[in-house]
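Each chain carries a letter (A, B, C, D, E and F) given by its place in the written order, and its residues are counted from 1.
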Amino acid sequence: MNKSEILIDALAYIKKFKGKIFVIKLGGQVMLDKNIMDTVAQDLILLNYVGIKPVVLHGGGPEISAAMEKFGKKPKFIEGLRVTDEETMDIVKMVLIGKINSEIVECVAKHGGEVVGLSGKSARLFVAEKRKGKVDLGMVGNIKKVNTKVVNLLLENGIIPIIYPVALDKDGNALNVNADTAAGQLAAELKASKLILLTDVSGVLDENKNLIKRITAPEIDDLIESKKVSGGMIPKLLACKSALNGGVKRTHIIKAVEHGILEEVFTSYGTGTMITVEKVE
Amino acid sequence: MNKSEILIDALAYIKKFKGKIFVIKLGGQVMLDKNIMDTVAQDLILLNYVGIKPVVLHGGGPEISAAMEKFGKKPKFIEGLRVTDEETMDIVKMVLIGKINSEIVECVAKHGGEVVGLSGKSARLFVAEKRKGKVDLGMVGNIKKVNTKVVNLLLENGIIPIIYPVALDKDGNALNVNADTAAGQLAAELKASKLILLTDVSGVLDENKNLIKRITAPEIDDLIESKKVSGGMIPKLLACKSALNGGVKRTHIIKAVEHGILEEVFTSYGTGTMITVEKVE
Amino acid sequence: MNKSEILIDALAYIKKFKGKIFVIKLGGQVMLDKNIMDTVAQDLILLNYVGIKPVVLHGGGPEISAAMEKFGKKPKFIEGLRVTDEETMDIVKMVLIGKINSEIVECVAKHGGEVVGLSGKSARLFVAEKRKGKVDLGMVGNIKKVNTKVVNLLLENGIIPIIYPVALDKDGNALNVNADTAAGQLAAELKASKLILLTDVSGVLDENKNLIKRITAPEIDDLIESKKVSGGMIPKLLACKSALNGGVKRTHIIKAVEHGILEEVFTSYGTGTMITVEKVE
Amino acid sequence: MNKSEILIDALAYIKKFKGKIFVIKLGGQVMLDKNIMDTVAQDLILLNYVGIKPVVLHGGGPEISAAMEKFGKKPKFIEGLRVTDEETMDIVKMVLIGKINSEIVECVAKHGGEVVGLSGKSARLFVAEKRKGKVDLGMVGNIKKVNTKVVNLLLENGIIPIIYPVALDKDGNALNVNADTAAGQLAAELKASKLILLTDVSGVLDENKNLIKRITAPEIDDLIESKKVSGGMIPKLLACKSALNGGVKRTHIIKAVEHGILEEVFTSYGTGTMITVEKVE
Amino acid sequence: MNKSEILIDALAYIKKFKGKIFVIKLGGQVMLDKNIMDTVAQDLILLNYVGIKPVVLHGGGPEISAAMEKFGKKPKFIEGLRVTDEETMDIVKMVLIGKINSEIVECVAKHGGEVVGLSGKSARLFVAEKRKGKVDLGMVGNIKKVNTKVVNLLLENGIIPIIYPVALDKDGNALNVNADTAAGQLAAELKASKLILLTDVSGVLDENKNLIKRITAPEIDDLIESKKVSGGMIPKLLACKSALNGGVKRTHIIKAVEHGILEEVFTSYGTGTMITVEKVE
Amino acid sequence: MNKSEILIDALAYIKKFKGKIFVIKLGGQVMLDKNIMDTVAQDLILLNYVGIKPVVLHGGGPEISAAMEKFGKKPKFIEGLRVTDEETMDIVKMVLIGKINSEIVECVAKHGGEVVGLSGKSARLFVAEKRKGKVDLGMVGNIKKVNTKVVNLLLENGIIPIIYPVALDKDGNALNVNADTAAGQLAAELKASKLILLTDVSGVLDENKNLIKRITAPEIDDLIESKKVSGGMIPKLLACKSALNGGVKRTHIIKAVEHGILEEVFTSYGTGTMITVEKVE
């Protein structure tokens, strides 16, 4: 295809998604690979210019752990969730915001995007409740309410929000929340059209490490219970499930490669794993 | 360049022209070649979807003459303007609207565009005055005022107007006006960013039939006076001049080929002849 | 009554209809009689100025047949519907738009109205489906969907739309549709307050050629089945019925005489036949 | 002319004045003659329905004097202005508002108008300054500022304001102001199209009691200085002058007869005296 | 508490009531005591400035009776309602509007408030029906419909309406309506947050003249039937009941003392009697 | 004064400042003293609720230095500006955002405010240029352009922005900018009514350590040149000067004490030093 044909081919997808919201969760690899991050920035700006509204959410797992060790603290996880005492929370905030969010904002700005870094505390975007359980995880919370006012304000004004998942409890205390879960709940509340989780692997893999291209929501529980998927993939699948339950049309777990977002959005074949409510195609 | 790179490359042009108006004048060849017309339709829809506002204006020279001969009337031109008696005017209207405008509207609709065919009489879009001169050309007019209300209404609502140049005089009588001239005046009044004239030749040619790639407004008079250009190219150059005088940034005379509009808009090299107020690049 | 009393008397009707939409279908006679057409134009402008929103729809039966014969084609009708091959469709378009719609637009403009001629293809105003049946009528369609966006845009901006009933099928092909039927469906979709069909006769006549002043919707089927009415009156009555089903309050079949619209709208006695859902007065 | 012709004839005036503001000052006679008041009410409502925005201002001279005498107080005037001590002010307010304004409001409401009675104190509509001079007139003021916010709010919502001229000084004390003068200043501030003063005489009369049909602003001073006009006609002419200076197009001093407003507005000949900046017709 | 602490303390109440409507009924005592009236004016303006929307309604019992006697007419009451013949109605209007409403408007304006005096006739704010019964009370009505359009217009524009309870029947005749009852119905229709009745007593008193601090709606009927309350307190309690039925959250009967409104609104203990749908605290 | 009187007294200031923007710069002491910070949060929320729009800007001098030393880096200043290499910039960002901004946001949220933490990079709020000079200060910039779009968006929606002064250069690189200077430029661009700098001292002190209560803009240069003021007070005075030049009415340098903002805003005597264009009082 020549240039014009490629543009006309893209038109079909632009038509389909014009005015729609995409929640895109950036995983660890993306932020560490400058080449990939540059193309993510370009992809976000392109989406924004053709009338699609991207909302970015990111975590910061590896870098937080690295910073903790620098400060002489050993990261500790229980059921995949970081035990977060007050000192850890301070490090979480400094790394998530002061470093990672900053770098993403600067990268997208460098490529010409209009972008605002935003904490989940902004105008009570994420209202959470301290997680209860047998073991006290410290300042870790579950999101109970999502107030999209600020996010919508920015989207209506053509600005891309870059959000990090620190929430407030109802008394105004900061709580650490899981980024995948937050992305799923945010996508549901925003009535997003797509939730895209950028990860380090090519999608959901079966026990033989082959990519599963299509999953339906009802199959998720089975995949988890049968232990065919495990580790960090579990919260990602559950995030997709909660987004789908909230009305999101399609959710995707894809590998963060150069222009991976465009490849997913602007082709008929897509990439990675697509999870939908019902079987498609 | 692969697909993603082409899209990102296009982004620079989308950014530059977002929210801008392009007046595009379709010349004879376009409407007769179905393949070209199909790609023009696609190009218009793409522009519209990425936030550029195309306004189409078309004439109908060859088809009007053909229809006249069918009705047993001999077309007559004085200084490139069609002598238009009442019977000829009836034929002009029937062909321009009933046939050509209809076909363009249907073609863009077929490709998925939201489009409205519009006469220059619509809410007094073009108010003209009967042309005075030594020879009476009949119902031929010069546009004295352009009321863009309806065109702007449609553009604000994402609809592409397809306009044919029949004007009204102040008493409500229809007058035939030159399509190139009308396009120039419409572009000026709409504060368009670009005026693109699609023609049968590759642009303005010098005496050796070589393409002149850049012309500045002050050079136009010289080109005409020195007879380096002649015939139908004169009203086109004058239309560009009046558009530039009215504040249009760039005007283009290009050949109607497949995806010719995209090639002009989305590349740095452009095609055909570009006429600007001052020298560029 | 002196002038002031007449104005005050009119006030009652202005109050009643302010902000309401009237769909007015012009039949053949109107467009051929310049005196009547002039008063129709004045009536439309007056309605518009006192805050009533007229929408005009017109057919072109006699003139299309005349043009066909000029081109050496014999008009052919099956069950009152014109058999429309491609060549006939070309003539339909040229006459309906190029001639009749043009003349109406110019006439209303001449009297000072702000008016836009509009095809039923405009932004898919009328989406039709090719008529199926034992006999192939060619490019003749039934309206399946009415998209009033453009019509409402114009009405909200004080512009009178003059519409001719060429529709698009879902693939963008033009189809000829019956003007009476189109008027009824348009009135229903616009939630019009009145549908007024201007005809050559003084209203619905009974078997003794006496005017029937009032008909209720349920009586229509009986009138048709009992063959008390026939010919062109059938689609008119059915158009009224579909308008009434769609929520239009009152529908009228009246004779096109000078200022016939005002006489109908601004008097308590009205003219012609009024068809309503239930008995009134 | 028959009914339709009269309506079409009126259309020219409706077109001309649509969206324009008319300030109409009702003089004594109007409010005392129930028949005239009824037709004034109808005229106001008609104007309002055809898109003209009437603003009514009224005084209450004769009735205030009558009430004063009832209370055993002798009305006293200096240079045509009522000497207004505190007790008089109380009577002014009670009569102007409690009686006259009430009656006008009820009369227009009775005829179906949406109407609000409003004092000149409303949101500081009229801010006045106590009149200074050799003789102390008491609580009598000159308007220094007109705040049209409330009046415009009502007009934009299709409500007719009925205003009586009690003003506030900057400390919030009520001051009696001349109704003619207030009408002139209000018309200027509202950028009214017309100021109409309804009076007991047929217009401005010359020394032979003949009606002067046309006066230009520059002639006003001469008429006053040469004592060709005198008494209550002086503030009326000065009110017209200040309205004209403020940009009002036409001012009229006419006799309050049945439907006098319509006769003035909807005829080419008009009634009474018209005062304009420059000669017309 | 020092100044800052008091302001911060007030913040809790400002937050709670921001954007809410309070209907405040001024009883006789308020308007006669200049000191109290001055603080009422200040309180209204403060409420308005911190974003609460006060709507004032007032009666005029004692002053109307006084004026009647001045005019040599003996006030007559049946079941607490003033027998209102035409002459009495004239006095009611003159006193309510010309005197009391005027004084309140001027007092609030004096303190810097933006305020409009408004009759219940304004744009048919109160539509009433002549009261029927064994005894003819004359021009006395029951409110059947409350049209809040004008009141809402003023509130949206930051203006305080001061309303006196003269209503119109459906034919445009003025009717006297009870001020307490009108306040209750207005509060319900406006979806007010509070109804505050300022009276001459400290609240609802029990048979031992002790203040009852809390009453619930269901207890009202019992209080009346058991004759524990009587006289003017009955319409007040019924007004509260109808407001509560209409969705008003809290209603208050309090004594008109200096800054009594602020004391009620900006303290946790409040003053007077609070009547709510259900038990609170 | 009792509670009501204090509220009424405050009304004068609420009236004066309603709808106005205050830029408030928080200096080091404020953020370290929890009691003061709590009252600052309350004061901001109160201002916001009575219709004043506070915009907060903060630096982080002492805490950044403390963090640097923790990381084993020695803070270095030239002419009062921190030398900022890349590693220092990382610490600046982590402390300013991850710690200080976070704490302010959480504190205001805890007291019930709707608040968004915002970097100066947000939608290019502060566009800076690397500072040039004899000595290279590293990533330190001068603000060249202030884009208030995001700040205004938040203010219009009742949200308090808490801004930290990291800017972007035109290529998207982060630059450290002085918080006082940024506050002055932001106040000018926002057309703020007041700029309030909260500091550790009671205001500008003369050579005898006595508070100077009033300074005019022209006196600033003299104070600096004559070395009567020195150190950190210089950028503060220059920030006031640039705000005043940009149209800000009043600027204040005051001590951060409990409810210090309210004391400044809601009293006639104010606190600290007030700097204005011309002499006041």
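What we mean here is this: a residue touches a chain if its C-beta (ideal position, glycine included) is under 8 Å from a C-beta of that chain, and two chains touch if they have at least 3 such contacts.
What you see is a predicted model, and the numbers here were worked out from it, not measured in a lab.
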What is the shortest path, in steps, from chain B to chain F when you may only step between chains that touch?
-> 2
Count of steps on the shortest touching-chain route from chain A to chain E?
-> 2
Taking each chain's centre as the mean of its Cα atoms, which chain lies farthest from chain A?
-> D
Of the other chains, whose C-alpha centre is the longest way from the centre of chain C?
-> F
Can you give the rotation angle that fits chain D onto its twin chain F by Cα atoms, in degrees and rounded to the nearest 5?
-> 120
Higher-contact pair (C-beta pairs counted), A-B versus A-F = A-F
Interface numbering overlap (same over half, different under half) for chain C and chain D = same
Whole-Å gap separating chain B and chain E, where each centre is the average of the chain's CA atoms | 68
Once you find the CA centre of chain C and the CA centre of chain E, what distance in Å lies between them?
-> 56
Chain B to chain C: how many Å between their CA centres?
-> 34
Hey, what residues on chain B touch two or more of the other chains?
-> none
For chain C, which residues count as touching chain B in their complex?
-> 90, 93-99, 101-102, 105-107, 109-111, 114-119, 121-124, 149-150, 153-154, 157, 159, 166, 168, 171-174
In the complex with chain F, residue positions of chain E that touch it | 1, 3-11, 14-15, 18, 39, 42-43, 45-46, 49-51, 112, 258-259, 262-263, 266-267
